[in-house]
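Shared between the two complexes below is chain A, which has chain B as its partner in the first and chain C in the second.
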Partner chain A sequence: MAETAPAPGAPTDQGGDRFISVRNVTKQFGSFTAVDGVSLDIGKGELFALLGSSGCGKTTLLRMLAGFEQPSSGQIFIDGEDMAGIAPYHRPINMMFQSYALFPHMTVARNIGYGLKHERMARSERDDRVAAMLDLVQLKDFARRLPHQLSGGQRQRVALARALAKQPKLLLLDEPLGALDKKLREQTQFEIANIQYETGITFVVVTHDQEEAMTLASRIAVMDRGRIRQLDTPRTIYEFPGSRFVASFIGSVNLFEGELVRSDGDHAEIMVPDLGVTLRALLRGPLTGKGTLTCAFRPEKVRMTRDKPDGRANTIKGVVQDFGYFGKDSLYRIKLPTQALVRVDAPNTLRGGDDDNAATWEDDVYLSIDPAAIMLFEDPA
Partner chain B sequence: MKPAAWFDRRGWSDIIIGVPYAWAIVFILVPIVIVSALSFAVPVLNSPPYAFAQSWPYVSTGSFHRLFADSIYVRSFGVSLFNAGVATVLCLLIGYPMALGLTRVSKAANRVLLMLIVLPFWTSFLLRVYAWIGLMGTTSWFNRLLTSLYNVLVPQAWHVPHIQIMYTNFAVIFVVVYSYLPFMILPLYANLEKLDRTLDEAAMDLGSRPWQVFVDVTLPLSMPGIIAGGLLVFIPAAGELVIPGLVGNMADPMIGAIISEEFGLNHDWPMAASISVALLVVLVVPLMAYTRFQSRAEAGARG
Partner chain C sequence: MKRLSPFLLTMMVLGYLYLYAPIISLIVFSFNKSRLVTVWGGFSTTWYFKLFENTQILDAAWLSLRLALISATVATILGTMAGIALVRFGPFRGRTLLSGLITTPLVMPEVLTGVSTLMLFLLMAKWIGWPARRGFSTLLIAHITFSMTYVTTVITSRLSTIDVSIEEAALDLGSPPWQVLRDITLPVISPAILSGWLLAFTISLDDVVITSFTNGPGYNTLPMLVWAKVRLGVTPDINALGSLIVGVVAIGVTLSSIVITRQERRREKEIQAALAGEQ
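Moving on to the complex of A and B:
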């Protein structure tokens, strides 16, 4: 594998103290394997994300942590304690449900205080804790409302407060921002990160939304078909994906198959028929020469100019086929003489759009790709 | 506006809304008014066997006076409400676990079990009551089995040759419970089936054991179903005529039998009408309470 990513599932430095340890966990429903031999370690106080499309096993893994499902094989340790056979109501874990699952017949305050009634604490202490939680999520004035009298964002915060009230060792969040609109999501994801920082509780977030995972989490496990494909920081996963799958799952990417012409230590030259050129790429590890070689580069890493640039590597000529204007940037689809399409994301740096880059339909443009921006994957066919 | 245009715009919706209203007026409101008016008449030996007074105030409250003066009426009201109340509680105790079970079994099992619950309706109600009469009679195998079980369990001095089940209030309650159980289970099931199961998981996640989850979440959220099922059993059971007539204690009748007797045997239509009005009042009060509860709950469910 050309990219230097840790092997899938391998613990990294940040998760070193193994507060939560998932050891080779498999979950089967009949003949269907939902989670397939997953191992991972999560450090104390970490904000960890399980990212994957629906059916990838992330929710099953979360439900096994919560105790709603038992692993078919493998072990889960939380703070050194084996969770096998421990019922959900005995685990030091609370969960924020995707649907929030607020009790419709209880007020906000009773919802938040519900978990505390099982703990031996004085009524005044309990009331204080509920008040503190209401304060934390800024819902002081809503204590006596019923859930249906709240907006979606307020319900989300009640659910968060309820899950935090027992001060669990681990908080599980199932698609915490899924039901919120875009503006509210941006605000809320920073709130969640702040609350995590303030409380110091370990958070595990399950999401299918890569933006949510990337902004919230300190580390992300990308899951696919029950397995972890890559486990790393958001930056590493985006910039140095370990496989073609992860590269195309996270963000958008141009993928072209090629053939190795030659390599000279730290650079490789790859003939890419679809681009009609030989690309020069920076090597981040030795190539094995086995399997299909894929060159990948992200649209925003491509430089587009209307004049032929001097002395730049990997320059390709093309025509603007179409483009979408998004305000802060524009997404272009450039048609090459080979008929292949390349996606280019160009920032609109100048007001009014008189930028040299602001090409329009049928314009001839030159694309150049920095050798360091090209990712190489040797995935088995 | 042309009639056709009016019809397109308003006509259909008016007709659709109007049909149930017309039904309610013709078959519920008008009969209630007639019965209420009758209850203020006096019985006469004529056809029809009632008349209104010829001078002011034209109405007589004599029937209502008798209703409270003669203890048989008050007593049979008591018997009716007691039997219906006990039967409703028993239906709830038996029906709730069954309804809850229906929501927890597989889809295939659910379909079969639901059919089994409704299946008795395929057989004539009277036939099923007669079957119970056969089983409860002192010479039946069922009664002999119960008797020998009883005799094994109690000291010699208490032994009985057979257990008297027929012609007791117990028999009435027993057959009422048997007959009305589906009316408890079905609304309860409809209610429980709609409940969000993630609420159970949320309660469990917050530290509640299964029985606490039931008490804190399932039970309060199933109140509308309990009330609907309870009324569907209680109201018809309180006015039940056939079951006490067949298996009940003739010396201690329920109110349905009294109404029937006043109307048919005694030809005292005003008396029968006044008892009916009294029964209506007794039964309508909980119904109105229910409607209030229901509309409050619905307002609560919205949003």
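Moving on to the complex of A and C:
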């Protein structure tokens, strides 16, 4: 990478792994804080996801990267260059808008080629690039259609091709699959990941769909009310969420409050009144003893048996209250003697569905939870 | 097709009569031989020939046409600029004032607008010596002022329905603001610009009140002339003039709808070509 003189106040350690650097950025609309002190680094060629529920400030953060909004405070560096005061049309960034924002009066080919008229390239070269983009998104036969003559999925691909045509250093995608139906969405997820891999362009994808973030991204930032709650790989975020909020936002989880009975080095014993038992949990860090202690475990990490298992920790007896059959697995709700409900996800490994051993309504079952599967949170939220 | 019930049929005929009977009687009586407007004296086209010999009417028509063409064009340019500023430039200083100033003539009685414009011209003549006499330029300024209001209203209502993100997308793809205006905003609102122009043209063409405050001797527009003549009694040449105007309007409407259908057909063909995968 070419050496650029650091802008005033720029950190001196700008490297390839910190292609984008967001430093303590806050955005206020009047008295409302949409983005609150966000800092993050994104590496070159990364596929990064911003995940959060609607209204948490994802689009606002993206618009600050693209230059449509100015941060109220904080700095944004792209490729070592401070972006303050740089207009959107001078940034090496392209964006795919949530609404696609296709030009309604231009054909697909002209939409895709629009950004290229600012590049110094011959007409033939430009046509070649447009053709290559049409190929990439499989819209060769639609080059001369107008946007309103396309389906939602086709429009989405035109928007992607238009944003990619200029071969930007950074591509921002705002809920790129939001308007597509489930099947098309899954297929397009892989296409986007492929295109990212082939072009090597850094992608920042905004989404409120956790599955989408998990499938696409190499790293995810989970946002909530303008703040980043956790920034990690999808696996770490799912298996080792840093807070109760993240644990319940990503996937489903059973949450129960408890009280620490004692801890012996790497294990803790926690009295959980709702479960009516004392749980043994593997400690991954020291407990401070402050705030509410929450025990959490994911439904698929619970083992469910008809017979009382021998020598397993954390065994609880319960009754099947109801269950739903989802094909590849079944979701059970187990009622405990304490009246509390526990969600259990059991895979359907046997074909036929009338497996003698499968639990059904009113059956007595035993649940056991591995101490390593129990997550402990001390956050007040 | 279902047959209309007698009641519906009657109502339909009455409705059309209500709308078109005046125009039909105007056209019919323009071919009346008699000088008396209400007495049929046989078919003749004399009034049309008389009309074309009447230089007073021809001059007035030519003045009205020039005035309408120029004022509609200038008002459209200014009104479009004002509309874009109001809708797209955010809450800039003086925005409320501008928006108020632009829409006031819409609700103000025309007489007041006329009087105040006249007052302005008189004061200007006193202080800066211009306009020494009222004539084409004062008429033009007055017409631009009030027809711009309508253009701005048309443009703002159209612009506010257009997603800002298409303009942002063009910025994002490297176009500076003036190119975005040229490549995206103006083409997208062009139907509104056209209807704004037509509106301004029509309003200027038939304005009497403001025109009568701001014109000078020798600058009679067509509506003013008609107005003056009719006060002395309706004459058949006015009928002939009215019929001609109706004819021109009808031809204009027909032509424009033919052009629009043709364009649509061509577009459909292009779509079919695209569907067939032809390049």
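In the analysis below, the second predicted complex is superposed on the first by the 360 of 381 C-alpha atoms of A that agree within 3 Å, B and C clash if a C-alpha of one lies under 4 Å from a C-alpha of the other, contacts with A are read in each partner's own complex, and residues count from 1 in each chain.
Assume a contact is a pair of C-beta atoms (placed from the backbone, for glycine too) under 8 Å apart; a residue touches a chain by one contact, two chains touch by 3 or more.
Since the model is a prediction, treat every value here as computed from it, not as a measurement.
Colleague: Put chain B and chain C onto chain A via the superposition and say whether they clash or fit.
Modeller: On the shared chain A, the partners clash.
Colleague: One more residue to check, A:A143. First (chain B), second (chain C), both or neither?
Modeller: second
Colleague: For A:A101, select first, second, both or neither according to whether it touches chain B, chain C, the two together, or no partner.
Modeller: Touch status of A:A101: both partners.
Colleague: A:Y89 contacts which: chain B (first), chain C (second), both, neither?
Modeller: In the superposition, A:Y89 contacts both chain B and chain C.
Colleague: Under the stated touch criterion, which partner chain does A:G115 make contact with: chain B (first), chain C (second), both, or neither?
Modeller: Both: A:G115 reaches chain B and chain C.
Colleague: State whether A:F68 touches chain B only (first), chain C only (second), both chains, or neither.
Modeller: In the superposition, A:F68 contacts both chain B and chain C.
Colleague: Thinking of the overlay built on chain A, is A:V158 touched by chain B (first), by chain C (second), by both, or by neither?
Modeller: After superposing on A, A:V158 lies clear of both chain B and chain C.
Colleague: Of all the chain A residues, which ones make contact with chain B and with chain C?
Modeller: Common interface on chain A, chain B vs chain C: 66, 68, 87-89, 93-95, 97, 99, 101-105, 114-115, 118, 149, 162-163, 166.
Colleague: In the complex, go through chain A and note every residue touching chain B.
Modeller: Touching chain B: residues 66, 68, 87-89, 93-95, 97, 99, 101-105, 114-115, 118-119, 146, 148-149, 162-163, 166 of chain A.
Colleague: With touch defined as at the start, can you tell me which chain C residues reach chain A in the complex?
Modeller: These residues of chain C touch chain A: 163, 165-166, 168-176, 183-184, 187-188, 270-271, 273-275, 277, 279.
Colleague: Under the stated contact criterion, what part of chain A meets chain C in this complex?
Modeller: 66, 68, 87-89, 93-95, 97-99, 101-105, 114-115, 118, 141-145, 149, 162-163, 166
Colleague: Touching residues of chain B toward chain A in the complex: what are they?
Modeller: 196, 198-199, 201-209, 212, 216-217, 220-221, 300-303
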